[in-house]
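The two complexes that follow have subunit A in common; it is paired with subunit B in the first and with subunit C in the second.
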Partner chain A sequence: MVGLSSGEKHFIRGGIAQDLRSDGRQRLNYRPVSVEVGVIPQANGSARVRLGATDVIASIKAELGRPDPLRPDKGKVSIFVDCSPTAEPKFEGRGGEDLSTELSVALQRCLLGGKSGAGAGIDLSSLMIAEGKICWDLYIDALVVSSDGNLLDALAAAIKVGLSNTGIPKVTVDLGTAPDDQPEVDVSDEEFLQFDTSGVPLIVTVTKVGRHYIVDATSEEESQMSTAVSVSVNKRGHICGMTKRGGAGLDSSVILDMISVAKHVSEHLLSVLDSEIAVAEAAAMS
Partner chain B sequence: MRDLQVSFSQTQRVRFQSALQQLKDLSPGSGPAATVVVADSIPVNLEDSVLKGHGTAESDGQLVATVCGVVERVNKLVYVRPFRARYKPEIGDIIVGRVIEVAPKRWRLEINFSQDAVLMLSSMNLPDGIQRRRTAVDELNMRSIFEEDDVICAEVRGFQHDGSLQLQARSQKYGKLERGQLLTVPPYLVKRRKQHFHHLEDDGVDLIVGCNGYIWVGEHLETGENVMLEDQDNHMEKDGKSNLKLKGDQDEEGTFTSVETRRSICRIANAIRLLSALGFTLSLEAIIDTVELSFASNISVKDMLAAEFYVQTAEREVERRVSKLRKKA
Partner chain C sequence: MATAPTTYSPSQGLERRQQQQRRRIFKEEDWVRSDGRGFNQCRPAFLRTGAGNAASGSAYAEFGTTKVIVSVFGPRESKKAMMYSDIGRLNCNVSFTTFSTPTRGQGLDNKEYSSMLHKALEGAIILESFPKTTVDVFALVLESGGSDLPVIITCASLALADAGIMMYDLVSSVSVSCFGKNLVIDPTAEEEAFQDGSFMVTYMPSRKEVTQLTLTGEWSTAKINEAMELCLDACLKLADVLRSCLKEAANAG
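Here is the complex of A and B:
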């Protein structure tokens, strides 16, 4: 991204202070969200989410695998993010790796819960086929196609939409007689089970610029931020995870305030996203 | 039509598509300036010696286009001027650019061209306004005029013998742009006109439509005042740096652009964003018309980029072209 002159920086900060940002939004407004589903035919589910000029694609692939011996009753989910060099020249080669790792880790924290799998936004026990023997491995791969700020929110939204688009094949298991036998598995080509996404949280990033908070910052606004707190909130309004970026410290009361702002904004965002999903699914059907 | 990043409802989609179809029907067909797409044959008399220019190739004894665009003929030369192309500077173009480097006796500017432009210290008026030789002191103080990342507007002076592009800023109206925002649009939407500097007096907004597709929308500053203001600012910084820090953000908010002006700036900027997303030519009339339409339909600044206003703007453009055709007839 090119730098900004001091005049432009001043203008952006002024807009945020006066509650009228450069594109006419108020501090707590999102840019228009547009959603497409089924963009990758060979994946089990996929989605493309655009927030202004930010453009991300998420694909979900399911594979049969063996569950972790320590957690025999749960499936496995892994999340990877890749930043395409088309988004920004600096992502070329290994340049995007730092950001990719940062985003993957933040998403893992917000969606997958702790190491034990407790508190996961994605219901891991629903991925179980035969306890201790076979489970589904979900590979969630996200690609940043174009970047204009607020990548984390867009990625989380894309994953949520992608999961709601995911069909997992129905499996019939023939457990062998001997307990050590590898069970025989028959994967159906026709019957798919819809993935339950009601518990999958969204991420709302609250960015602090000057003394004010904004949501859905563009990359120009992000260049002026002091700190950003990403809060993942599910449908019931529960906080599922949190990450903080930026060097400056925050008072604990400020963090609490930011969380309540994020929670308030997420309600609106969820309803917008739900209606967009309905429209996109209808468009994909026709 | 390129896909727009808007989610239309069913009725909006129908209205939008009918508006686009009407626009298509209204556009003049094969006039004197024939438009071609790739592989269209260009009618020429090959017996006369024809010079094949850019975007043309010979195939099976015919001249065919290799790009989409308008066929242009200059004496024997036949070439195709492409519709969507990178900005190509012409002498006298008003452009907006961003300083990327301060080099000895010159600034290097990014102007959306395939190479960077050069603004020499000697080809611009000094802040004190006196015509004189540039001294070594001036050279050392170049950063007090323009710094890296500053947005400035200038005029294309011409190409140097070594192929580099030279700019000039020999008037008070050129110079640093502050208190506003820079928009980037496809350069083919900006047509070269007599006037590229616009002062919208009702709103107190300056609009500079650079030929290179960079558009500046900012608070109006009187010509000449700019320099004075800067000097004051510099003094302020020197004298009151410690004071300013103490007063903190509260004080800073006082120096911001007023809310009314800011609202006008954002409204105009969104009108430009909308028109460029729809692929309509960015003339001052079109921009002002879109702004007025948004007032007339009582649409708030942020809703200007929502689906409904896209449709309204497209329908408005149809109306405008129909009335233009009627006037001609």
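Here is the complex of A and C:
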């Protein structure tokens, strides 16, 4: 909980109404994004994303597993978020657990698409090795290192960057002669396949404070919000997932308006992130 | 590595073949829903208040094969460990019976549903009307037949009204599934398993406010508009059903 005096609250609200926020940003500006890749050597891919004082790490690990018998042609992806009490004391115990589930569910909703797999940011069939027998299980674990609002956007960005940094080892499969044979798998430790992350969406959270919308709210600003709608948008400008936070009700036309704001902001954020990824990859190479 | 399957299910091959067949049907432009409804037609709703005796208020809802009981307890004293609060607390819990799904005991996502139920209801309840106390909402899914969460939320708002908890408005909820170009309202479990995307809205019809919404899958803006319109219209009609159910209970008592 952010402790704010009524003067500070008034200042924040007034600033937002006049399109000049406490840190000098305009309503629809993000804080500077900084990106690092390959921060966790044990993982197949990893990234650290900082949005102002919000700091998150995403690690992507691929393991061999068996596909779901009902979906024999697809691999599996699971997303977990950990809110460590080192970031904020309120993350200890149930508070952190609740937030972790909320964030994990929102990310799953935004990245994994519908039940049939349509609209998924990650192409699950690309994780297939031998149909019905072996597939890759992709474990995406995200950690909140430090929290200053807008965790969901930062986490989604970190996952996108992490995936673009992920190399899946090339495998050669010997299916054997009998159909019931367990196939023999040879995992190469030299050749890696790069992931196609162009379809992975970003999340833009539009927060409503008073009568205005802001993006990338700090925790101080979040304490003044009435509602927030998190919209995940992919490169094609399609909406891939949506969640709402905050108890207050919203008129349906306001929601549609917030979606169009999110769509507009996402175009800019996507291009910023793409160039940041290129810079980070170049830095990691040298 | 163990290659032999640990359990034996004779119907699995058959089941899979049937599923593949269904999946193909859903990909077509025009198909008939398994219960013969039109795409924009909801299942018949059966709602009753007073399902349990011990609770302050309770309700039972049956939408097609989806059957839900919700009990509301309180307002009662908050647990001693909780900090002082000058507004009331809302505690929601959703659980599935082990026999609610075709495969036994798969009601694992109840934590997600609990938090969704909480978020859908908290905007509708006048929490200032019961400071220092807690209202508990317990939902039990007897049979999971699709659109479980919307049914739970609708039933919970009816139970809250039955318990006499002060609310700004009743909350009704409807979900829509997306199959290619088609939008299908109030999907069954089978339809949900093959949907390309889903859209769920919880709505306070008299105040014209959306308290909660979720969306999965890839949607264009035009389609979101269409789905929103479809859902809000259905929510409005569902709230009428809720209201007439409450009136009936009041007249009988």
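As a working rule, the second predicted complex is superposed on the first by the 280 of 286 C-alpha atoms of A that agree within 3 Å, B and C clash if a C-alpha of one lies under 4 Å from a C-alpha of the other, contacts with A are read in each partner's own complex, and residues count from 1 in each chain.
Criterion: a residue touches a chain if its C-beta (ideal position, glycine included) is under 8 Å from a C-beta of that chain, and two chains touch if they have at least 3 such contacts.
Remember, it's a predicted structure, so these values are computed and weren't measured experimentally.
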item: When subunit B and subunit C are modelled together on subunit A, clash or fit; value: fit
item: Subunit B versus subunit C as contact partner of A:Lys263, first or second or both or neither; value: second
item: Contacts of A:Arg66 with subunit B and subunit C, given as first, second, both or neither; value: neither
item: Touched partner set for A:Arg245, first subunit B, second subunit C, both or neither; value: second
item: Partner chain(s) touched by A:Lys170 [first = subunit B, second = subunit C, both, neither]; value: neither
item: Partner chain(s) touched by A:Lys90 [first = subunit B, second = subunit C, both, neither]; value: neither
item: Cα-centre angle that subunit B and subunit C span when viewed from subunit A, reported as a multiple of 10 degrees; value: 110
item: Subunit B versus subunit C as contact partner of A:Thr101, first or second or both or neither; value: second
item: After superposition on chain A, the shortest CA separation from subunit B to subunit C (Å); value: 14
item: Shared contact residues on subunit A - subunit B and subunit C; value: none
item: Contact set on subunit C toward subunit A in their complex; value: 1, 3, 12, 16, 19, 23, 26, 111-112, 115, 119, 122-124, 178, 192-198, 204, 207-221, 224-225, 228, 232
item: Parts of subunit A lying in touch with subunit B, wherever the complex brings them together; value: 2-8, 10-11, 13-15, 17-18, 20-26, 29, 31-35, 50, 52, 210-211, 276, 279
item: Residues of subunit A defined as touching subunit C within the complex; value: 69-70, 98, 101-102, 105, 109, 112-116, 118-119, 180, 182, 229, 234, 238-252, 255-256, 259-260, 263
item: In the complex with subunit A, residue positions of subunit B that touch it; value: 5-7, 98, 100, 110, 147-151, 176-182, 218, 249, 252-253, 255-257, 259, 262-263, 266-267, 269-270, 273, 300-302, 304-307
